[in-house]
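Two complexes come next, and they have one chain in common, chain A, joined by chain B in the first and chain C in the second.
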Partner chain A sequence: MTVAHSRVNEPLPQGVGRLSRRWFLVVGLATAGTAIGVVGWLVEHEQGMVATGMRDVGTMGGATWGLYISMVVYFVGVSFAGITVAALIRLFNLEHLKGVARMAELLTVVALLLGALAIVIDLGQPLRGLVNLFRYARPQSPFFGTFSLVVSGYLFSSLVYLYLTSRPDAARLAAKPSKLRPLYRVWAAGYEDTPDQRARDRRVTFWLALAILPLLIVAHSSLGFVFGLQVGRPGWFGTLQAPAFVVLAGVSGIGHLIVLAALVRRVLHEEHRIGMEAFTWLGRFLMLLLFVYLYFVVVEIFTAIYQPTVNEQRIGDALLTGEYAPVFWGSVAALALPAVGLAWMAVTRRWRIGWMVAFGALVNLGAIGKRFLIVAPSQTHGQLLPYPVGTYTPSLVEYAVVLGLFSLGALLIAGFMKLFPIVEMEEATP
Partner chain B sequence: MTRRGIVTGGMIVTGLALMVLAYFAGAAPWCNTAVECSNPRLEWSPAIFVVGVIVAFSSALYYSMSKSDKK
Partner chain C sequence: MTRYAMAVDLNRCQGCRACVEACKIENNTPNAVFWMHVFRLEEGEFPNTKMTFLPRPCQHCNNAPCVKVCPVGARYKREDGLVLTDFDRCIGCRYCEVACPYGVNFFNWRNPEEAWGEYQIPFDDPDLASVTGGAVPPYKNPDHDLRHGPEQRLTSGSAHFKGVIEKCTFCVHRVEQGMLPACVDTCPVQALRFGDVEDEDSPISRFLRDKESFQLLEELGTDPSVVYVGGNPPSSHAREIERPLTGV
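Then we have the complex of A and B:
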């Protein structure tokens, strides 16, 4: 038997195409979660927005933006780190991080899809909203940036990026006999592993990465401007909103990436491709972003409570000692503890993947809490007109939909892992 | 310059041109006081903007996937 022939008969790498009991369990749970979300959305669609905890600001003492918008901001934030890390890997040829490049790209695409879905779910009449957005959206509005740059430009460019970087692997897989071979042939789309093609791919991914990095800074800033430019809404109006959005986006995304990388490393036994160096790099990056964000939080709070107007005072009180205090202090703790823990690991140079995974999960809980606090309190406590203080509590329907979104994300990633290697394949030695 | 380079460059320029056209058709940067200036002057201009974005980034697909000019 020749070497080439024995290679051809090898099974597909990384468990692709092989369905295990553990995989069915994960997919079963994710499908059940997604079904709960769909039921929640159908209830909302049937009964209207009254099925949610959202009510008009002021006259009904509620909030018109709630958990869904918090999740839009959160998911778009998660997408940030994925494509940032992927772009940095290609731009600076960070070899030790190449094992996480594809999962970072996938995380971006999945998170952006979930963010776009969360927007659609937040619209009482999704179809009307979608059609009118393409027809009448006004470029003067920061929402235009969110819609045109985040959802269309950012998602499309990330898809292009993911596709182009996966073509070489698709061509390698198409050379192996398997049930998925026709799919890989289409995916590879005539890819030939020649020096000319490799050089062209390097050029195109470099320029794409270079185009995507500023695009995503603008995109995330525009999402921050949706809140930060509203002069009539105390608590939102401020110059720190846009940079804080970008930094917290990095925090949640890197946290997710650490968790996903550790999971893939363990499940697929890819310790040699996703080494300790990758986790150390991600841990340092996360630590840096966390300290910058905590600094923003301190500055924001200090500015708000030093000499506040009546409305700002009301929001500050609600956050620090009132209705939202448990979420606020819980979120701060969920961000500060990992920052200290990561700093300790950096100083002692003793990095522990288990702790990093725990920190990655914790910062995401903190990020969700902070996103909620950005969205809700200014509506319930920040109105300038003389309405009484409002309240917002998400309904079961909203929780069901959010569970559905997370489950759908897990389902998409689990599905991808059985169709395609989530860790870039090593180039065959000649 | 190869045909691949010309087409790729053309796609990028076309995409950017569509975005600029859509922006100025949708917004009214030099006329921001009258109500009529606030409405898009061309219906579906946001959709044109999105098409521009897609065309510009599709140039990467074309550049990477097109067959070589060399025989």
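Then we have the complex of A and C:
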């Protein structure tokens, strides 16, 4: 397994460059999942989007936005965690969180890539989209925010941030002989971690972090505006959409980060770099965001049942007691239980990583459910003219593509872990 | 300036749906796609029920939500009031469809050559081909491949490309030749009228003069170009008597 050993003096840290059987198993599964997704997308491309469960709203009684758009919103939401945590660490000097900073940034980049991919998959003419979205960009469309701010600006600045904060490690690794040394030389790009360079990089990342935080609010809000500004869709039009998007983005992102951090800690035995303090901090942050979001949910339900208009009532009934009730209450439970559990751990000060991982996974299921409920019901049940009520059930092709997206994400993270330390290396004390 | 509009006389409409058929034939719209749709609505409880009919073309709004949200400017409003789709530019994100409160947009879910389903008639049979001249339906108006308007954009007809949004064009290819939209031309009881509302002496202006009228979902501020006279907006208790037609 470790052929390289004889040729280098010292193995690279954190299993970088050494491919274990376990890694091959994970990558094999992820590759299989990605392949299923690619097949699904090819079928969709070949037949047209008739292969999906989506249909036209109105006389066709369908939903023209479905699982794909839900996943766009979800993945862009997950990206929240990384860069927020990274920026907070940088701005407030949270030393004990340094261990999760890089994986958080990686999570942001991967999630944004998946979100962008999901947008392209959802387009009827993906190639035209890649050209026309930039060539004929219209800032008046809320989609402009999603494409240009989220996918371009946000992704680009996150990549720059990830790169800048990884350069010291690249320089350190480039100093040692290894198979991957040429890569680290290019990665470091002349950076040698001198005090001068370090000071400059710290200055740049500080201002970048400061610039990214507002960009983040704008980007996630713009995704909420895609729905919240549509007066013709009961259930969408509302002031709460943008802030709720930001908060739920944080919930799913932090949840993901907890799961990833626990995995890395376990697999790489990084117990001292990713300490309990990091988990406690993330757990408290997640709890706070969950309670804010649950407050939004209560406000939403109350507004929907107190004195709704006829059209709002149709959506509210479908959500609370009708066709979508299982998904709605299931999602609420998947968000409420972790909130209570985290609160219990916070009160008793007994944090259990196992439970936190379960909660992190659960809130993500809840987040996916809530995203779906924002997208679908307002189309099937939200017609203002007397069209009959519609239905939407995702097709196998859509499920395959979504599986492919998740698998691709796992593949990207597993690949990164074998090229570069996912936990920031300890600073060499001179 | 010209400003096209449509007037729908609900006193006259008898729900025959000749306009729906005319639209399908003129624009070759795919299966389950109805650029022109006529609601047949039932209101009240038996035995006190009432049937009403409500034709619903694209409303060609003057403050069109679909135009606002299009991320690439494929959906646009012409100077003469027509709201059209540039089929060459549309990327198929379907944002216009979710933004439209009237449900008039239709997506090309299938490849164009499969859009009309399977014909049961053997058109390649030599005997039949000698009669049809080898043409296979849907017979398509060649004007649909022309570019229209001062902008010269591909905006008329349907099923040009897979994965592109389409909707009622007010028959731009006919209007530009001085003809009426197919639905208006076909209506056997003149329930539909079309013309230039800026011109005080046009038939539609004279028809609308001194008549009470309403627009669909006026409260949304979309300001539709389709004006209804001789009836009431559909009440929230109105029931469509048809099921959704899903088989694209």
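Methods note: the second predicted complex is superposed on the first by the 422 of 430 C-alpha atoms of A that agree within 3 Å, B and C clash if a C-alpha of one lies under 4 Å from a C-alpha of the other, contacts with A are read in each partner's own complex, and residues count from 1 in each chain.
Going forward, contacts are C-beta pairs under 8 Å (C-beta built on N, C-alpha and C of every residue); 3 or more make two chains touch, one makes a residue touch a chain.
Everything quoted here is computed from the prediction, not taken from an experiment.
Trainee: Clash or fit: chain B and chain C on chain A?
Mentor: Here chain B and chain C can both sit on chain A without a clash.
Trainee: Let me test your reading of the model: by the given contact rule, A:387 touches which partner, first (chain B), second (chain C), both or neither?
Mentor: The second partner, chain C, only.
Trainee: Go through the superposed model and pick first if A:59 touches only chain B, second if only chain C, both, or neither.
Mentor: second
Trainee: Of the partners chain B and chain C, which touch A:156 in the superposed model: first, second, both, neither?
Mentor: First partner only.
Trainee: Looking at A:360 after the superposition, I want to know if it touches chain B, chain C, both of them or none. Which is it: first, second, both, neither?
Mentor: neither
Trainee: Using the touch definition from the top, say if A:48 reaches chain B (first), chain C (second), both or neither.
Mentor: In the superposition, A:48 touches chain C alone.
Trainee: Check the residue A:144 against both partner chains and state whether it touches chain B (first), chain C (second), both, or neither.
Mentor: both
Trainee: With both complexes superposed on chain A, which partner does A:124 reach: first (chain B), second (chain C), both or neither?
Mentor: A:124: touches chain C, not chain B.
Trainee: Does chain A have more residues touched by chain B or by chain C?
Mentor: Residues of chain A touched, chain B against chain C: more for C.
Trainee: Go through the superposed model and pick first if A:133 touches only chain B, second if only chain C, both, or neither.
Mentor: both
Trainee: Check the superposed model and tell me the shortest C-alpha distance between chain B and chain C, rounded to whole Å.
Mentor: The answer is 5 Å, the least C-alpha separation in the overlay.
Trainee: Chain A residues touched by both chain B and chain C?
Mentor: Dual-contact residues (chain A): 133, 135-138, 140, 144, 147.
Trainee: In the complex, go through chain A and note every residue touching chain C.
Mentor: For chain A paired with chain C, touching residues are 47-50, 54-62, 64-65, 122-126, 128-129, 132-133, 135-138, 140-144, 147, 226, 230-233, 310-311, 379, 383-388, 390.
Trainee: Per the contact definition, I'd like the list of chain A residues that touch chain B in the complex.
Mentor: The touching residues are 133-140, 144, 147-149, 152-153, 156-157, 160, 163-164, 167, 189-190, 196, 200-201, 203-204, 207-208, 211.
Trainee: Taking the touch rule as given, give the residues of chain B at its contact with chain A in the complex, in rising order.
Mentor: It comes out as residues 23, 26-27, 32, 38-40, 43-44, 46-47, 49-50, 53-54, 57-58, 60-61, 63-65, 67-68.
Trainee: What residues of chain C sit close enough to touch chain A in their complex?
Mentor: So the residues of chain C in touch with chain A come to 32-34, 37, 39, 41, 56, 65, 68-74, 89-95, 97-111, 114, 161-165, 216-217, 220-222, 234, 236, 238-240, 242-246, 248.
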